[in-house]
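So the structure is just underneath, and the comments pick up after that.
Naming follows writing order (A, B, C, D, E and F), and every chain is counted from residue 1.
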Amino acid sequence: MTDLVTFGETMLRLSPPRGDRLERTRSFDVQAGGAESNVAVAASLLGLDAVWLSKLPDSPLGRRIVRELRGHGVRTGVAWDTSDEKRLGTYYLEHGGAPRGVEVVYDRADSSVTTVTPEELATGVVADADTFYTSGITPALSETVRKTTGTLFEVAKQSGTTTTFDLNYRSKLWSPAEARETYEALLPHVDLLFAAERDVREVLDRDGDAVQLAHGLATDFDSDTVVLTRGDKGAVGIREGEVFERPVFEADTFDAIGTGDAFVGGFLTARADGGDIERCLTYGAATASLKRTIDGDLAVVTPAEVEAVIAEESGEISR
Amino acid sequence: MTDLVTFGETMLRLSPPRGDRLERTRSFDVQAGGAESNVAVAASLLGLDAVWLSKLPDSPLGRRIVRELRGHGVRTGVAWDTSDEKRLGTYYLEHGGAPRGVEVVYDRADSSVTTVTPEELATGVVADADTFYTSGITPALSETVRKTTGTLFEVAKQSGTTTTFDLNYRSKLWSPAEARETYEALLPHVDLLFAAERDVREVLDRDGDAVQLAHGLATDFDSDTVVLTRGDKGAVGIREGEVFERPVFEADTFDAIGTGDAFVGGFLTARADGGDIERCLTYGAATASLKRTIDGDLAVVTPAEVEAVIAEESGEISR
Amino acid sequence: MTDLVTFGETMLRLSPPRGDRLERTRSFDVQAGGAESNVAVAASLLGLDAVWLSKLPDSPLGRRIVRELRGHGVRTGVAWDTSDEKRLGTYYLEHGGAPRGVEVVYDRADSSVTTVTPEELATGVVADADTFYTSGITPALSETVRKTTGTLFEVAKQSGTTTTFDLNYRSKLWSPAEARETYEALLPHVDLLFAAERDVREVLDRDGDAVQLAHGLATDFDSDTVVLTRGDKGAVGIREGEVFERPVFEADTFDAIGTGDAFVGGFLTARADGGDIERCLTYGAATASLKRTIDGDLAVVTPAEVEAVIAEESGEISR
Amino acid sequence: MTDLVTFGETMLRLSPPRGDRLERTRSFDVQAGGAESNVAVAASLLGLDAVWLSKLPDSPLGRRIVRELRGHGVRTGVAWDTSDEKRLGTYYLEHGGAPRGVEVVYDRADSSVTTVTPEELATGVVADADTFYTSGITPALSETVRKTTGTLFEVAKQSGTTTTFDLNYRSKLWSPAEARETYEALLPHVDLLFAAERDVREVLDRDGDAVQLAHGLATDFDSDTVVLTRGDKGAVGIREGEVFERPVFEADTFDAIGTGDAFVGGFLTARADGGDIERCLTYGAATASLKRTIDGDLAVVTPAEVEAVIAEESGEISR
Amino acid sequence: MTDLVTFGETMLRLSPPRGDRLERTRSFDVQAGGAESNVAVAASLLGLDAVWLSKLPDSPLGRRIVRELRGHGVRTGVAWDTSDEKRLGTYYLEHGGAPRGVEVVYDRADSSVTTVTPEELATGVVADADTFYTSGITPALSETVRKTTGTLFEVAKQSGTTTTFDLNYRSKLWSPAEARETYEALLPHVDLLFAAERDVREVLDRDGDAVQLAHGLATDFDSDTVVLTRGDKGAVGIREGEVFERPVFEADTFDAIGTGDAFVGGFLTARADGGDIERCLTYGAATASLKRTIDGDLAVVTPAEVEAVIAEESGEISR
Amino acid sequence: MTDLVTFGETMLRLSPPRGDRLERTRSFDVQAGGAESNVAVAASLLGLDAVWLSKLPDSPLGRRIVRELRGHGVRTGVAWDTSDEKRLGTYYLEHGGAPRGVEVVYDRADSSVTTVTPEELATGVVADADTFYTSGITPALSETVRKTTGTLFEVAKQSGTTTTFDLNYRSKLWSPAEARETYEALLPHVDLLFAAERDVREVLDRDGDAVQLAHGLATDFDSDTVVLTRGDKGAVGIREGEVFERPVFEADTFDAIGTGDAFVGGFLTARADGGDIERCLTYGAATASLKRTIDGDLAVVTPAEVEAVIAEESGEISR
């Protein structure tokens, strides 16, 4: 049985060398990146049998995405777009220290995935999986994808597959009002919710401290588990009434992109292994801290490395 | 006064290292490429005052295009697209020897230039120019661009600006029938026509040997000059009845992309300097042969280098 | 059912930049390379369900090999070596034009695979497969591997799995006499034999023209099919009495390493699709010609590209 | 009308990769660098119409400099040196953390610019400009350049062009005594003076705190504006009696070279836009902080980025 | 006369780009690294006449090692291994920030040096040298090397050559018990001992504070000088009863590998120049701090740079 | 005893990537290059004990030159220039296929070597050497170097050191008339002369076929040996009346720079080993053919590789 199925868009990520700018660069480093494949890769590398569902152009660029994900052990269920309009979403990422900061330019409109329908996907894989995951980016891609997302949540619910959702609001894709409407329609179907505290306040328009926010979401949407991520302040999780607060593990950040997805991938892995909320948050946070040291969207880590981070904190090893 | 104004789309060109494939590459070389800016760059570097008109996204990527073209001396008249839908066309280019060949993947649909209207462009620059140039790619980009192209040809005609057109049929953009209809509407406004012999046969559906084809076009559309490019066989030009055949200059080809545009850029420069049809074809062919030795779309050459190629053939220099 | 199972060693391939020398280089390009995984990758990319069996060190280097192969769609059945003596075989490859030529320095002694036993491998996969393949390099790696190879051939034979063997004599691993003894013990179990004409003469010590050599091998070892590769002269195949000679497809060679493996991968794919000896040789030769244009051991190609090479020769397409 | 004209030397800047040393490197990153073109580029990118005047060898290296500057929108007024002695100044820059520090090796003696005379330059551009700028490096290059610098200051003064000077003492070019003599001859012609506090103390041999030093200079040389830069301590400006102190904006420094020039470029842009001394210092400091995050001499920034740095400090935006 | 002779293994060091991982990298940076050649290079660059003795495969890889060391002025006394089993030790180094840390994968078993005998080496060079140095890594390589190491110590002792030893315990090569036995056999022959405080506690199983540990070693083994290195806490040295404590010089660490060897190289250079224990520790610490800013194992520094670091601390220069 | 002493200038060679142009490149490959060090490196790698004499700036750049040469086994006798005017000669090399060709831009005027006097050099090394070599580039560098060259020839002659000279006329350094005057003054002191046939005709103004030219030179200047190099046509040698003509070995040319120096280095090595004129020409030609396949000025080859080239031609090996 499949442990985890994720569904969403993966893009080609193009980055100039450190210190250089998109405005003048002569070369790009090329990688695959997308919230749901990031999660699938982290989970796969940490031991889960993970499948990623999506739609890609039937082109060398689409095949490149599959190659990179497969390399990390993710099985891919791809609807290949052979239409004339097929295209791969891309995003340009420029690294930059303070006060400049990272700059991202998206070029993802009308990518092949925006036309994906349930009929094109192996929905049976969702029905047979232990857990289904997607992020709030996915339903924002197009009306068609929004419907497909809804259908996949329904398939999961009917099959007893645990549903997981990361709110992940992106202001470049839709307005808070649009997002809120979609989120509130999906959340009753979500068993396990991840959300940035800021999104809960600004998009879902809720008040209170972090624990109150988490409780409120869990109650209102009848969620099994709610995890609020709070940037440098760590994360707060609530599971069937049990609350746990987890600070971040300190890290020398080389590339912060994908940190949240690594957290989710680690969390879901620990959960599949029967971990309680403390273990899941800790495992997720350790995975996230390792991700920050690695170039690219993907948490290219091993279970032993995650355990070592945890053990070092707890003083179990001295190194 | 401006010597040459060109109008068209310029894309970001992304190429993996030699021997590598788009399907698995980890890095791209980045350059600007587009028929009309290629022509403007060649002409500018060979001595003309050249302007390129287009529309670009108001983003680091759009600015990157302008930076590269300006570096080669081209003045840019850009309508900056600030809409949410703005995007820069891109194309992926994979080099490959026989039997593989070069592979090109376009990702240019709905780029900012497809919405360009005459009102957004400095049409006065066209009116004041000696020569106006665009290629057959431009009207294929969108209905809007097709109309804008027509308007610019009209402005040129009314102002006494010489109009130049390179047929440049691209099967990925439209069908031969669509192209033919547009071409035949534009050609009566064209003073100087460049066309690949193959396009004349397959798109314009004409027969005969190269000279007959050129004569036919010149007569039917009342063109001042018609140049037929014939790949390895060189080019044939006819100007006010005078015919000249020009073989190619042998070259070690490093990158063949942009060879035709270099030819046009060289031809137009020689023509602006008062060259006859033989001189123009020769200067264009020498520029084209140099381009083949250089990485990228652009003919980064000097007048002295072009003259040296010509002189070496004629035995004027021994080296 | 698995179409193809291969068994053998895959190494890390380290190459300095073109024109540079191992003696002074500051950087290496890194890839995976090994006859049997090369064959599996080519077959996988051309459409077969291919599995590669081997033993690797349980280390980042071992995982790197798996990542690259999986990316190309190959399933991997790896015995992970966790012993203190674990190591990954490596080979250093220096490109060089005539009269220098390519230089290879192997560093593969005592690699993890040299200790692989049948018990460590999923022999059931061999029993369930349509075809089993290994090369003459494999039994040369160690006495242990030689026995394991023998066992796998027996498993295949007993299960009705077609057995395939590429003679592939490597003078750096053993003497012709040693090789001959092993080959002659294995060949009676081989249904489909690939061999370089030169190896047949120099190692198996046989005489005659290519067709005579092939006939002799087929008769003496009761092989279903014998294919003799002849370098620039192409290949000769004999299958159940039917003989076919196939010249090479011309190619601009960027990297010749892995050409023979690409040939085998293409041949086996065509054979699995029911192709006759002509089709198999042609498909293999076309795959091999494409490989020569690509950097690395691996034939990173698509079925459409192989078909295009064949079609172009036959005049079916003009391009 | 031209907003800003700068005059000075631009060199080819050659840097080994991070962590490598000039003593053993195998590759250089190549960029253009020189105080006056650095200022012109920053000002141009921030919105001014900027011209850079200089003399360059008529060679590919000289053309490379022009290409890079033009790309950033700077217009170039270059006297092309066609003599046998023509050469481009170069400088080698090795990055290094503490305690090693950055190492610079100049190779600029007898570069083409050292022979530049007023007759070779378009002095009319200076006369028509709003502001003229050069640094204290320029008159140190040669006796000829010193005279040319004097002439250009005179042209500016006579034409009502505001004159700006950055003291910028370089001990590798001349002694403090030589520099002081030249500076004191030029300063009476300077309307707007930039100087490092240290240079004022060590070269001009003045005492007092920063504000006293600025006042003293403004009084003694009848300057409209005096700005003292104080490294990590920020800058102090005095304009017609008004004093303002501006700390630096914190930055993750990737490359500190050119920070001072970025400051001047930002200051002059704000001044051209009518900014008061506070606005000018703030805008310059924000530009400088961005520069520190970017590889190379040049402040490749946008007005929006500079405004964002300022707004973030003032709490106007939260990000 | 030779100032310093070192004996030990040098490996090829292979590192992926910063932020990348061994598990997926496409390129390696290549350098030479080994404790004893690191020491020889530092000493040579700081002014000593240094010789490195070892055994290398007679191959391009072996020659590459010699090329790099000779470039830094080290004379090489190499026994060339022409056997079929010849191989060069390699090590893979992956940089990584906290919490990941640097990862090293050794592939050095059965390298050519493991078979080196005294007869293959120019032992006369040891007899004629002022100082002989090896590290605790060397006798751990093989039984043969252990004996050869013992022989070389004897040669040195008999010739009046000062013997130097850096304990340098490596847990991947042997157990603490094995190491201790070897160390305790060698230490009576050692005049000048370097040891990490941790190794003294954990391998030699001794207690006390750092000064007590140093005293104990000096007394028990009748050493002239004992230096204990204490990581961030600096070093403690005792020489003929005189004790000196030296903190580290602060450094921006780019690459920490080889810091200890740079310290030894600097120390030995100062000692050869007649420096007292304070001078030696200071010179070693300054060399070590510079090393940390440089990519690779080697301290590519100059005497002037080391002196500048010392002078800056002492306030002799202000910069 | 030293086998070979060479004297001349070595520069930093800076090359953009293949296909790129000096006019726009963002990176340079860096190497050392100079006729006399090229010869010394080839000879050293082929087995001679070779010393290179010169003067270099006391800077990281000067040390970089020494590092590279020493790495190849050349001993360096360098006068270190500590003056303020010290500089290292550089040259920019742009590769390019036909019809573009290779472009070289020299920046070597006033380099440190132009001030070298005999007093700064270890002339005793010349006196003790078997052979002394310099090229016609050296006396063209400055009047001072011309005199120093003369002095070294005198020292050699007086000591019985064989003198070798490669005419090597460079039109960028002096006129044919100037060169001829210097050459004719030096040639009576030359035992072994290399000259390009073209230079003999155009600079020495002599007529006849190649053999006649060689004979004429040998007779007129009382040379022991004269070798005329004839580009693609190979070389003609005459030694004490014996004539031998040697065609080139075919090569895939990657980088032609330094081919002539490799020829001389090979020739001198064979000569030192007692080879006759045929052997010397053959060994030189084989070394030269290998050089053409290697990036950079230097013939990074082994004696075994040279012998293999010769053996392959003679049919002694089949490969």
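Simple rule for what comes next: a residue touches a chain if its C-beta (ideal position, glycine included) is under 8 Å from a C-beta of that chain, and two chains touch if they have at least 3 such contacts.
Everything numeric in this text was worked out from a predicted model, so none of it was measured.
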- Of A-D and A-C, pair with higher C-beta contact tally: A-D
- Message: Counting contact pairs by residue number and requiring over half to coincide, which of C-E, A-E or E-F is equivalent to B-F?
- Response: A-E
- Query: Using the average of all C-alpha atoms in each chain as its centre, how far is it in Å between chain A and chain B?
  - Reply: 44
- Message: Averaging over Cα atoms per chain, report the distance between chain B and chain C in Å.
- Response: 46
- Note on the structure: dist(centroid_CA(chain B), centroid_CA(chain D)) in Å evaluates to 40
- Note on the structure: Note: chain E sits from chain B at a C-alpha centroid distance in Å of 62
- Mind pulling the chain B residues that touch 2 or more other chains? 21, 23-24, 26, 67, 71
- Message: Which residues of chain A touch chain B once you look at their complex with the stated criterion?
- Response: 14, 21-31, 59-61, 63-64, 67, 85, 87-88, 90, 92, 94, 103, 105, 107, 109-110
- Enumerate the contact residues on chain A facing chain E in the complex. 71, 249-255, 286, 289-290, 293-296, 300, 305, 308-309, 312, 319
- Message: Using the touch definition from the top, list the residues of chain A that touch chain D in their complex.
- Response: 17-21, 23-24, 96-101
- Message: If we count contacts the way the header does, which residues on chain B are in touch with chain D in the complex?
- Response: 67-68, 70-73
